[in-house]
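Below, chain A partners chain B and then partners chain C, in two separate complexes.
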Partner chain A sequence: MIKVFKYTLIDLARNRAMLGYALLLLLVSEGLFQLEGDPMKAFLGLVQVVIALVPLIAMLFTIVYGYDVLEFTQLLAVQPIGRSAILGGQVLALSVSLLLAQGFGLGLPLLVHFPTRVALVLTVTGSALVLVFSALGTLIALSQREKARGVGIGLGVWFVFVLVYDALLMWLMFALSDRPIEPWVVPLAALDPIDLARIMVMLEVDLAAMMGYSGALYKEFFGSTGGMAVALGTLMLWIVVPIAFAFRTFRGKDL
Partner chain B sequence: MDRIAFTGVGKRYGPTWALRHVDAVFRAGEVVMVIGPNGSGKTTLIKCLLGLVHPTEGAITLDGKIIGGDPSYRTVIGYMPQISQFPAALTIGQLFHMMQDIRGLGPAEVDDTLIKELGLDTQLNKRLSALSGGTEQKVSAVLAFRSRPSILVMDEPTAGLDPLAARTVLRHADRVRNEGGTVLVTSHLMEEVEALADRVAYIQDGSLRFLLPMKEIFQATGEDRLSRAIPVLLSKTVPV
Partner chain C sequence: MMARVVPHAANGAVPLTQRLKEALPGDTILVSGEVREGTLTIDRPMALIGAAGAVIDGDDAGDVVVITADDVTVQGFTVRGSRISDMHDNAGIKVLDRARAHIVDNFLDGCFFGIYLSGSRDAVVQGNRVVGHPQRENRMGNGIHLWHCHNVRILDNLVRDHRDGIYFEFVTDTRIERNKSLNNLRYGLHFMFSNRNAYSYNRFQDNGAGVAVMYSHHMEMRHNRFLSNRGASSYGLLLKEINDGVLEDNEFADNTTGLLVDGCNRFRIVDNSFRANGWALRLFANATACVITRNLFVGNTFDLSTNGDLMLNDINGNYWDRYVGYDLDRDGYGDVPYRPLGFFGLLVERMPYAMVFSRSLLVALLDQAERLIPTLTPLAMKDDHPLMRMPNG
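For the complex of A and B:
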């Protein structure tokens, strides 16, 4: 696995799309900090980038890369190494390069312009989102034979998590506001990793009040250390479960 | 000596059987040419041996052991695929080093003669993304032979290669056979491979119609070229 990881990482380190992504993030981050006089405002802009753009890029890059290296993956699969070692090496290399790109484009400007606890929370949740959506992308690329279909499903999944699910949840909460739905709100929010990340960051900047009724509920639950740990644990599940399914799919897959 | 044995091997994709109940034995020291129309199941057959495709039924043994979860059996196999694609940002030299590293081979354990004979020794620093289709096939051929395999599987090996390079690759396949190896070659261009083949396996609609020595094919049909002998033989054999 380490050998596949090493060479995949060398390949990804010279990948123009990956380098472009790192530079784009750096440009956006620096741009926001330079244009906004108040670093807090720039930070809130960056939160939107992390919530919307980072999952999309992580997912699409993983899916497209998965299809692009399919023939080479076949060549690896006829070597005397197991399938788990191949996928493990590739997944690890993809995750490390996406995290490095994010560290360079987002982490570095945050460290320079806004070295706060909340910036650290954004970096951690952003990294978790990268891993979640890269894991989902891996599973999608392995489950679908056609690249166009894989990319389409990836876009659909991202759109659901970034917008549709959140809107549905809000609608549900308002529609059923006269009923005892509190116990359901937090578990339902946890079903969307983007929602979960958004809540974690927003609570940290004490903007939960802006989130209205749901904000109060989230604050009550996630505001505690235990609640935060549950949120992080749930994000971990969002990484582990798709990856476990991806390994299972790859082991039985006809290449 | 029998090396590879297919016993009742079948592969189904959804409702379609790509391979049906294939029984075949491939021996040490022979070249078997696997032929058949497009989509007949040739590639599926060799992919089952390579572990790329999981058979729906039946079993494949290599030196008496059923191939399955343990990937170590592939140590003796060299594979040249029909289509090659390599990590774009690596160089030819890095790719050779990577595959050597993955197989855990030392410098003395690899055979680099084909690198020079195919003219790749001067292109080792070239990016894989900048290669022509023909050069990609040459790289693929080197990877197949470099680990000194005793079982060589080549899927349309001459496709995309210039005649000189194709002859060089087939000469090396001949050498593997002469050293006691087993060579399986699929090819549409029968003339190129028939001079090399000891036996011919003909696959149609996923079924192995026959697996016969070249001599027997020519004797039974009275023809001296495979392209003319096959239709005659097919008209004589009972459809499966």
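For the complex of A and C:
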């Protein structure tokens, strides 16, 4: 597994798309901090990038890469290496390089321009999002034979998580607004990994507003260590479950 | 006749009460040690000065020091032991219906009311530390309490852990400068029916409900800082029924509601900065002819909210960090109006738990749509000339 990890990592280090992604992130982050006079404003712009763009790119990159290395994977599969070791090495290498790219493109500018607690929260939740969507991408790439189909499904999944789910939830809120649905809104939103990451950042950014009318609700859910554990646990599940399915698919897969 | 300086050592042969009775107008009594003689009354013009470490302990008898003469100075004491009561406003230092009291550099340690001026004029309250009991906060009175006073100066004091930090009722022509009012149970500063007062360079932080100015006219508020006043009904500054005032160069940060304007007329809100508040500005529809210009709105969850369709105020030339317009004629002002009231703001007014969608892509899109084609928000609620760049850098 270590060998697979090593060679995949070397391959990824030479990958132009990966380098481009890291540089693009750096450009966006730096650009925001340079253009905006106020670091807080730049930071809020970055939040949008992390919430919307980072999951998309992490997922698409994983999917496309999965198809691109298919021949190499086939070559590995005929060697005396277990399939779990192959996939394990690849997933690990992908995760590590995506996180490195993000650390370089996002973490570094934040550290330089906006070294705050909330920036740390964004970095951590952003990294979690990368892992979640890379895991989902792995599963999609392995379960679809056709590249175009895989990419299409990936786009669809991203779209659901970033927009459709929220829209449905909001519609539900309107439809049931005369019923006591309040306690359900937060847990339901937290099922969506993007929403969950967003809420964790928001609890820092919008803390003042959170202390308003609805404050109790959020403090109850996330303020306690239990709530935070539930939130992090849910994110972990979003990583572990797709990966587990990916391993199962890969073991039984006819390459 | 020469004014005398009489040294007094506590626990000596003569009690301070007797020295006060024997004092001639204009005398100075220099006190050292800890005086414990119940309520002390100063009934002639004189100065009571505490040497380093001097303490006056009221021994829970009621008030500690009561001033019933003009031209009295009380300086340099630690004052404690005013009785907590439901019937009487017992204070550490109380001035009753007299002029020109000077209360300077005292430490009011856990008094029920700290410094209490009633019917007084031309007084100076400067450099005092007024600290309540954080544990007994709900049994505390006000830190600095003025009732029916005129032309008083409240300067450089620190007030904390009381009910209201600084409380004014029927007080006119008074200046409040460079004070700090922190961690009070209710308001950091509370004005009722008090006209023509100015407060500037004060800091109000972590108070239960922030600062409230009510039913007053011709108020000037400049260079104050309103910080971290959090809670469902907590405001950086609450203005209720205020006419003809100025709010200039103040800083509002990290409050649940930065500034609430309720029923104010001809009030100028200029050059203030609103940062990281939940609601930067709540402008009720009953406010008229207020001018809101050159203010800075950055990093607030909501820039503005209101409670009706009517908008009779002038919002112009502010800086809004959410503004995405352009400036083709390069005059520094955006060419398209900014609408500070978004769809999401309205949604959260109706369903507070919708906060969960804050800063999501969906809300950004819906907000943008509402700004392009306003259907739900009042049409008049807009800034026609939003600033392109932050004022002062």
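Going forward, the second predicted complex is superposed on the first by the 239 of 255 C-alpha atoms of A that agree within 3 Å, B and C clash if a C-alpha of one lies under 4 Å from a C-alpha of the other, contacts with A are read in each partner's own complex, and residues count from 1 in each chain.
Rule of thumb we're sticking to: a residue touches a chain if its C-beta (ideal position, glycine included) is under 8 Å from a C-beta of that chain, and two chains touch if they have at least 3 such contacts.
In this text, all values refer to a predicted model and were calculated from it rather than measured experimentally.
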More chain A residues in contact [chain B versus chain C]: C
Partner chain(s) touched by A:111 [first = chain B, second = chain C, both, neither]: neither
First, second, both or neither for A:167, with chain B first and chain C second: second
Which superposed partner A:175 touches (first chain B, second chain C, both, neither): neither
Contacts of A:236 with chain B and chain C, given as first, second, both or neither: neither
Which of chain B and chain C A:7 touches, first, second, both or neither: first
Contacts of A:77 with chain B and chain C, given as first, second, both or neither: first
Touch list for chain A against partner chain C, complex: 37-38, 40-41, 44, 47-48, 51-52, 162-163, 166-167, 169-170, 173, 177, 182, 185-186, 189, 195, 198-199, 201-202, 205-215, 217-218
Touch list for chain B against partner chain A, complex: 13, 47, 50-54, 69, 71-75, 77, 79, 81, 83-90, 94, 98-99, 101-103, 143
Residues of chain A defined as touching chain B within the complex: 3-4, 7-8, 10-15, 68-72, 74-83, 252, 254-255
For the chain C and chain A complex, residues of the former touching the latter: 230-232, 234, 254-257, 275-279, 298-299, 301-302, 321, 348, 351-365, 389-390, 393
